[in-house]
């Protein structure tokens, strides 16, 4: 069992009435338990919480007035990540649960339809199973240069495959795309994890469906994914943006810290927002 | 009240074991009622049915052996389409139901993120409301040339916007994309409808969220959409393909007929498959 | 020495006044000599000939009236292809002649700027020289599936690299792009060659600059390139289209035959157009 | 008659041996005369000059050693720009000079083949002639937002058309593309001009072929194009990059000043490089 202490501070300059959709809270997910959490919105305002039942993603919606908006999420999360077996089989398509089938389909950032031949070329000859997804993960790690500032918010897996450069979400999108093209369901996971090298930030990895369960993979190999606190799960980055903003807004600040180990409970006396711990709170 | 008699015959040459996912049955949807239906699969084989609870889309999964596969869906459907008001307001983003928010996001074929400026240029000055979506629909009708055989299965809304040519699904994808870029939730609908000009085929249109309800639009103007029997509803064509095939398969035949008016009940004596009329059958 | 007997018949239905630019005649090129040729345009009309001094490409321009246009080019060409050494060095960029520098730049179909990293990944570790270009040629041969009907007139090298399918010009564009990305000047060559497998057609290959000379490469390996009768040389297919047409025109027929070996002189009695044999004729 | 005093200072950090191709000198062009010029390369090194005969573009090639490379070009140029008539006809394709034909073809940044229909939609109904190109220029000015930092070095006209944002070269590429799609030859021109608003920089505009001559257009309307000192003319930005660099190099500085009016001759005593004034010097 492992404990993570998270702190996420987002600050925006809002030039006119704006609507925000945040996805920054630790998800409702079997592998993790939110021991305590605190959401502080400044200035104080009405906030709506909702949760996607299937994914466990938790969302916050709010209408911010002109001025500075500050959102601070603080949580202590216990992780119960079960060890991943060294080998797992792929599931034949016919054996996939109905609701997993849609994780085989291409999405905004993951053009698995265009990349079917290349996926077979690179990985079609390998024995089916977890080793094949590990091969995808290794191939990306060795083939794509990690370099911030090159790709854009519209960069897709196909672009990354051609240009060979990107950041964590680009790595994850390419992994998803190659898996789907091999008929292995795959999806994006974003979360908090402690990076050995600063700066701390959200992390994006991918998850593949093997032998009846989802297994995490991280082609960047920049952090220990068994210690990832899951925020969101989705088809690709469009489903799990940490902030989706409608209105004229400029980000001023994004400070994230992730501390690991068993921390004493935080002092809650300054909590401005009611806790949303557990589905009951929604 | 209006009745449609549908017949859809699909025939495939299957070169090796293949898995099929079909989405050809009339959806479970408030505006329509399946009075009778018959699904005949030849050769006879085990078929799994499932339904997406939210969309009402009905799917058939089967493992076809080597040889010829024939799928025949026959149904009589009553439509209770309520008249659409002449004017409906747009819903401000803050008023959108949580589950409708994701119909604002870009998807595989609908790059609404890249087309935000152009959408505002073309339609940003218009009064908000249904008239604005009508303007999108008219603009597409006048700007895009309907021409089969030009676009491909990977053609996106952006391609259609540049190249100005496409078929019904391209028209619908562009409509969806422009709406989403204007912060109007939109999605794809496919169905059966009688075309004045042959050949008969599946039809694709789009649906926009206005004043708390979904409203259909058809930028091709090739058929009466109040008489559309809905098969599927989704983010874009990837969610509602009439057939998704895993394996080495060649389509031999796609024959669709849609007859309108009150028909006498069909003779069911040759029905080879149990009826799946109503959710109970799933 | 080798002789080829070429016949190229193009037929068009012209729906209104149209301007044509043809590039179908054997080029003025040191490796080949046009022994005899005959150009027959039906109906008879005024034709302008011109030649690009640098490339030796020969062009025919004409204004066709409404009706059927038939263009028949017939030629006997002797090839003096010098044997290509088994090894040639690459030229360092600083040693490239000024006029060859532009064959390093990206062009419409050859996005060498986007593919710099991937080219280095695949071929950067190989010793410089002709062997590296042979490696590019082999890699394309093994990685791209030859399949007519999949790519379009707007398909670029990047598309081919992702989708792994194409025809001869796609193979050549990818070869050009990878070479340029490696700082090896490269360009497109189209010509006539006898294919062992019908149907006969124009062929497209690429040429790389090695040790002060241009060397031909053919990633399709579908024909003996030392027997290629050169029609055109250019940056990519846009420079050497066999026909560029302005107006409402439909191609009815494209019949090409290439016979090899020493043929007796053809009977010229029916020649309707003056010969354009040698630069003097222009 | 108008005089411009130009100063261009480029500074690079060179991490290993690198080859540079510069295109920063005032071109040999009928509308302008280089009265005096001075090229100072630090450290002192061997420099090769060459000129493209057709375009009049002048290039400098050099091999820079590890260290800091500084290139300073200083010139006084007299402009004799003839007034442009208020109306000029388009030339029918059949009347285009052979060498102008290739300015109708698509290029790396200008996909005029994909944009034929949209060009006709927007401008096909207008009377042919200079007014139509003015309409293209105005349309771009009104439709594309000028915003540095959004587009990249691989952004094409098609991207700009969809995303509606860019800088001067993007504006010019879109102008070229729309003209070519209308069968009006067009090409890119880069040069020096004094911007009313700082910072000073190179400028990119486009040129269309009308009634037997090239006419300049500037869709940014940010500077007086009759006062543009021409550096380069080409199919698109790939032909006229101010610096093409082979090697590991980082730009440190780009300072450009353009002063207008009749200046006294500059003091040449510190000139480190021989003048290359006039073709004789090449």
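Note that the chains take the letters A, B, C and D in the order they are written out, and that residue 1 is the start of every chain.
The rule is simple: a contact is a pair of C-beta atoms (placed from the backbone, for glycine too) under 8 Å apart; a residue touches a chain by one contact, two chains touch by 3 or more.
Computed from a prediction, not measured in an experiment: that's the story for all the values here.
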Chains in simultaneous contact with subunit A and subunit C: none
Chain hops separating subunit D from subunit B, counting only touching neighbours: 1
Self-contact between copies subunit A and subunit B, residue sets same or different by half: same
Gap in Å, rounded to a whole number, between the CA centres of subunit D and subunit A: 45
Whole-Å separation of chain centres (CA-atom averages), subunit C against subunit D: 31
Junction residues of subunit D - those touching two or more other chains: 114
Contacting chain pairs - touch in the sense defined above: A-B, A-C, B-D, C-D
Residues of subunit A defined as touching subunit B within the complex: 19, 21, 50, 59, 61, 63, 92-94, 98, 101-102, 105-108, 110-111, 113-114, 153-154, 183, 238-239, 246
Touching residues on subunit A, where the partner in the complex is subunit C: 114-115, 117-118, 121, 143, 145, 158, 161-165
